[in-house]
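Labels run A, B, C and D following the written order; every chain starts at residue 1.
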Amino acid sequence: MDLKEWFANRQKRREDAIEVRQPLTTEEYCALWTQCFQCRELLYTRDLRTNLHVCPKCQYHFRIGAVQRIEQLADADTFCEIDENLTSADPLGFVDSEPYPRRQQEASRKSGLKEAIVTGTLKIDGHEAAVGIMDFGHFGGSMGSVVGEKVTRVIELAERLRLPLIIVSSSGGARMQEGIYSLMQLAKTSSALKSFADAGLLFISVLAEPTYGGVTASFAMLGDIIIAEPGARVGFAGRRVIEQTIRQKLPADFQTAEYLLKHGQVDMVVERTRLRDILTQLIAFHGAAGSGGELSSSVSEEALSTR
Amino acid sequence: MSPTEKKAVPLEFEQPLALLAQQIEALEKQLAENQSPDLDLDLARLHEQYDVLKRSLYSNLRAIDHLALARHPQRPYTRDYFQRWDAQWIEVHGDRKGADDAAMVCGLINFGEVRAVVLGTQKGRTLRDKQHCNFGMPQPEGYRKALRLFHHAQKFSLPIVTLIDTPGAYPGMTAEEHNQAEAIAVNLLELAGLTVPVIAVVTGEGGSGGALAIGVANRILMLEHSVYSVISPEGCASILWRSADKVSEACQAMKMTAREILSLGVADEVIEEPLGGAHHDYDAAARNVQAVLVRHIKELSRLSPAQLKAHRQGKFRKIGSFVEG
Amino acid sequence: MSPTEKKAVPLEFEQPLALLAQQIEALEKQLAENQSPDLDLDLARLHEQYDVLKRSLYSNLRAIDHLALARHPQRPYTRDYFQRWDAQWIEVHGDRKGADDAAMVCGLINFGEVRAVVLGTQKGRTLRDKQHCNFGMPQPEGYRKALRLFHHAQKFSLPIVTLIDTPGAYPGMTAEEHNQAEAIAVNLLELAGLTVPVIAVVTGEGGSGGALAIGVANRILMLEHSVYSVISPEGCASILWRSADKVSEACQAMKMTAREILSLGVADEVIEEPLGGAHHDYDAAARNVQAVLVRHIKELSRLSPAQLKAHRQGKFRKIGSFVEG
Amino acid sequence: MDLKEWFANRQKRREDAIEVRQPLTTEEYCALWTQCFQCRELLYTRDLRTNLHVCPKCQYHFRIGAVQRIEQLADADTFCEIDENLTSADPLGFVDSEPYPRRQQEASRKSGLKEAIVTGTLKIDGHEAAVGIMDFGHFGGSMGSVVGEKVTRVIELAERLRLPLIIVSSSGGARMQEGIYSLMQLAKTSSALKSFADAGLLFISVLAEPTYGGVTASFAMLGDIIIAEPGARVGFAGRRVIEQTIRQKLPADFQTAEYLLKHGQVDMVVERTRLRDILTQLIAFHGAAGSGGELSSSVSEEALSTR
């Protein structure tokens, strides 16, 4: 039911009702209805959630938080968080208009998270996997020491347990407030992925709107398989910086998932509604083969078994 | 729409057959309007003639006829096989460095009982498709996309299946700038070093270095009417005969048909096609190829990683013909 | 012509010193024309003052002064070091895939007693040079050229020395199209896996991921006035302070000077520069760096291949600051 | 002395001489003088040879044969040929306007060689190396079974003796008259180079005018270091084929050594007069380090020894 219908039926409902309903307050109204950023359609929020926060009309993929993403991907009650109590220090005593610790508190208040990534293990359609889910809503998904450490630990865990690894990225890049430490997280996470790759294990990187800077320039671009969500903007440098540098307008679709696909940077663009299925299929396909790797690179017996 | 649903377009050498088919059709029409035992007899004779001619025609093809079949506009292409082998096959894209060459199709596939990394050149069916796929001629980016998949297969210990159907690597300016030669050479080198089974199937045209770049395999299989040559017959004719009319001679001289490549010891097996060519029955063609592929993958999987590499290197080490002393 | 042969251009914070130098010069001229014991005394006092001021000036630099020195237009660049270390060094070119990025200079070098693969970002001295080198900002092709050299060093068991002096990776349209992020990420991954010694020297600006892409090393050395930061101070100021005037504040807040990076445990050693900055004496600067480099290469060469890799991975594994529990 | 001077002095010399010299015959004249293809200067052939067949005026690099190349590179009396008696068979019974065996005889008569490559070992400034030197003058430097076999054997020899390998290429590509066998030489030689590379040994590829097709698409482009001679044209497809395909004129410097350098395809462009020195330096540099490779990739002791 769209808004027009809803309004059209309003009078009738009012007449039908014994107790005439009060018009909605602005807040109630906003909670009930969400306008699509792309096609401007007014969507019933509950329907939107059922559709994994994808506009049913134009397929616009709304940004979602880590918790929602996990709900969408994990089999019920299978997600096990790790390192949930890792929080940022303030190694530089960084102050701009506000001290860094205060900015952190603010970020947590807004996002309900301690940091910009949630890590752990879960099952997807019965397949166990290690996961890292970034949340752009927390401090712009920026990577400081905690994000770097949590990503590194979940990679190490996956290697130890020989699990496939999925990281869903969404980040503005490295976190300036931790200075050189933030930069070094690029090296730390990539280095952990080197060991993981040498162990012959599968890493699927999922790029969600938006993924930039230090995150793309490290683990996000190092997937064996890289999947982007439709419309997600992904790049190293931001659009504005590039436009200022080259002094010309960039094409409208520049740095979108579809543009990346055309330029050979991602394996596939997958709608959120199909993501779980594709991940399942990919894990199942590589699952047993992963026992090979550098240690023994023969065709595993499993590669000959039935799907 | 699959070309199997429409009538196959007859090639030049198939004209006698097509004429006969027309006669049969005419006769059948006549017969439908007007029953007659005489006509019935004629028709039976014509049918018989047709079958005999067809068998004799396709078992006595000249090299240039095979070439025509290999290039048949309705011939099944790489995607047609992948789709039939596994409707759920997962396509992967890109060289990760700026391009996704549509002339090289790559993916992950389940043959029912065997998993494999698959890739192949793709010609494109419609004009738009053809242009998108650059008529099956990969650029360096396509070979580097394939290379990425070779490494993927190596990492996950998966067999590699490649389908070859290309006039050759694209002779373009940007292709040269991006080092077409190096892209091919590196693939030859890297394929030689893999420790997983590699099987190449020439499904249509195997054109020169651009075909070999995905063809350094433990097994080289060729479809019955496919061809494999060091240079296009047109190129050979224009250089050696200095005449574009001598394509047939060039085809014959180069010994490029599947049977010839087999008897030269380069191909390991010729895969039979539906009578008249793979384009008459996509499903049957795909089934044939799959059965042979799965058999070879199983055979090769009995070798150790080191043996697989040594086997592949040994295979190519022996190819050549010379006199010593 | 080397800038050491001409007068060093004074920076803003060096103005008091420059004024004093002018006074001394004037006095010397006067003295040359007209001997006088009084003037002699004045001159001696001025010289003394000059020395005191100079020492105090350079030992109390603000972060933004270090930045100015690190970016000094006469600062020695990568080629200046290579040339002084080995006049016969062999430059190698290209990513083999279509480009030779002049912002990334690569070569083979003999430090007298040690051989190494060397590479570094190059800013360019003249305007023409600067444009050619893209002001020291590599594109993906430059990082892939470096990667080729990493593999070369690995193959031939040679240590790798990298010189870092870059505002960062180039934020251009083609750079994005060619996957700048992947080029950097792959270098980080591959550097982590090498089993040869890797030493990175920040000689000027160490700008962000574009610097780190050649900086995942067993030892990170920094020249006294060099800087290393997660984002350019200008970028930081404009994002966090929303003002281009706050560069000095951003410099200070990010703790980007050599001494600070050392005390944060990221740099391993600070290499002293000639008083006033490396641009005052290229030869001395090159000698200093070479001596420290050779010492570190020799130290690292005592480690086994596996130890070298574990050491490098362990070094970065530990970096970060967080609270657990 | 240039030709004009020589003519100007002719009358004087004639008068000076007691016995008046006969004018040169055309043949004598051609043997004595060589006209530069590029700058059109008439060069005294002996001087040209002394200058390694590089025009002293415009630096044009004349094509040279395998024998001359070996003379230029090898320390005196150090070249040891191998496989000198390998000759082509005619596996396809190939006939175009002439049978293949007759074309072969013709090629040998013209070049004085049995095949388009000479292989062996030599010393360059005291450093032992394995070499393959192609000769464009024999059958357009084309690669058939013999060239492929000889290249493969010299790679295998270099691997066995742990010698650095230098191949100077000059070739029109694969030899059509041996059909699929010629094509397979690309795989054979590249496969041999894979083992060679895994052994951690040095391969320097030198590209001389012209190098095309199957030779660039295999060993010639697989050097650890790739050197091109100035002006040498190198590519996969020929200029004419490309122009016909793309229907536009190519830039004048397309596929020249200098163009390749600019496009990152070769490490350096080295004048023939400096080639020996650079090769020596490269062998010396990598020489001892080559003991590492896949077997033991630590820094060799030698890497710490004095140059």
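Details
In this section, a residue touches a chain if its C-beta (ideal position, glycine included) is under 8 Å from a C-beta of that chain, and two chains touch if they have at least 3 such contacts.
Everything quoted here is computed from the prediction, not taken from an experiment.
Set side by side, the interfaces B-D and A-B show unequal numbers of C-beta pairs in contact, with more at B-D. The distance from the centre of subunit A to the centre of subunit C, with each centre set as the mean of the Cα atoms, comes to 36 Å. Distance between subunit C and subunit D, defined via averaged C-alpha coordinates, is recorded as 42 Å. Residue positions 96-98, 177-179, 182 of subunit B each touch two or more of the other chains. Each of the following residues of subunit A touches two or more other chains: 197, 221, 263-265. Contact topology of the protein chains: irregular, matching none of line, ring, star or complete. Chains touching one another form the pairs A-B, A-C, B-C, B-D, C-D.
Residue ranges on subunit C touching subunit D, taken from their complex, read 88, 90-101, 108, 110, 112-116, 141, 145, 152, 154-159, 195-197, 297-298, 300-301, 304-305, 308. Contacts from subunit C toward subunit A in the complex involve residues 169-173, 175-182, 184-186, 188-190, 192-193, 208-209, 212-213, 215-216, 228-231, 235-236, 239-241, 249, 253-256, 261, 264, 266, 312-313, 316-317, 319-325. In the complex of the two chains, the subunit A residues touching subunit B come out as 197, 200, 202, 221, 224-226, 261-268, 278, 281-282, 285-286, 289-293, 296-300, 303-307. For subunit A in complex with subunit C, the touching residues are 85-89, 91-92, 94-97, 144-146, 148-149, 152, 174-176, 178-188, 190-195, 197-198, 213-214, 216-222, 235-238, 241-242, 245-246, 248, 250, 254-255, 263-265.
Taken in their complex, subunit C has these residues touching subunit B: 96-98, 140, 144, 177-179, 182-183.
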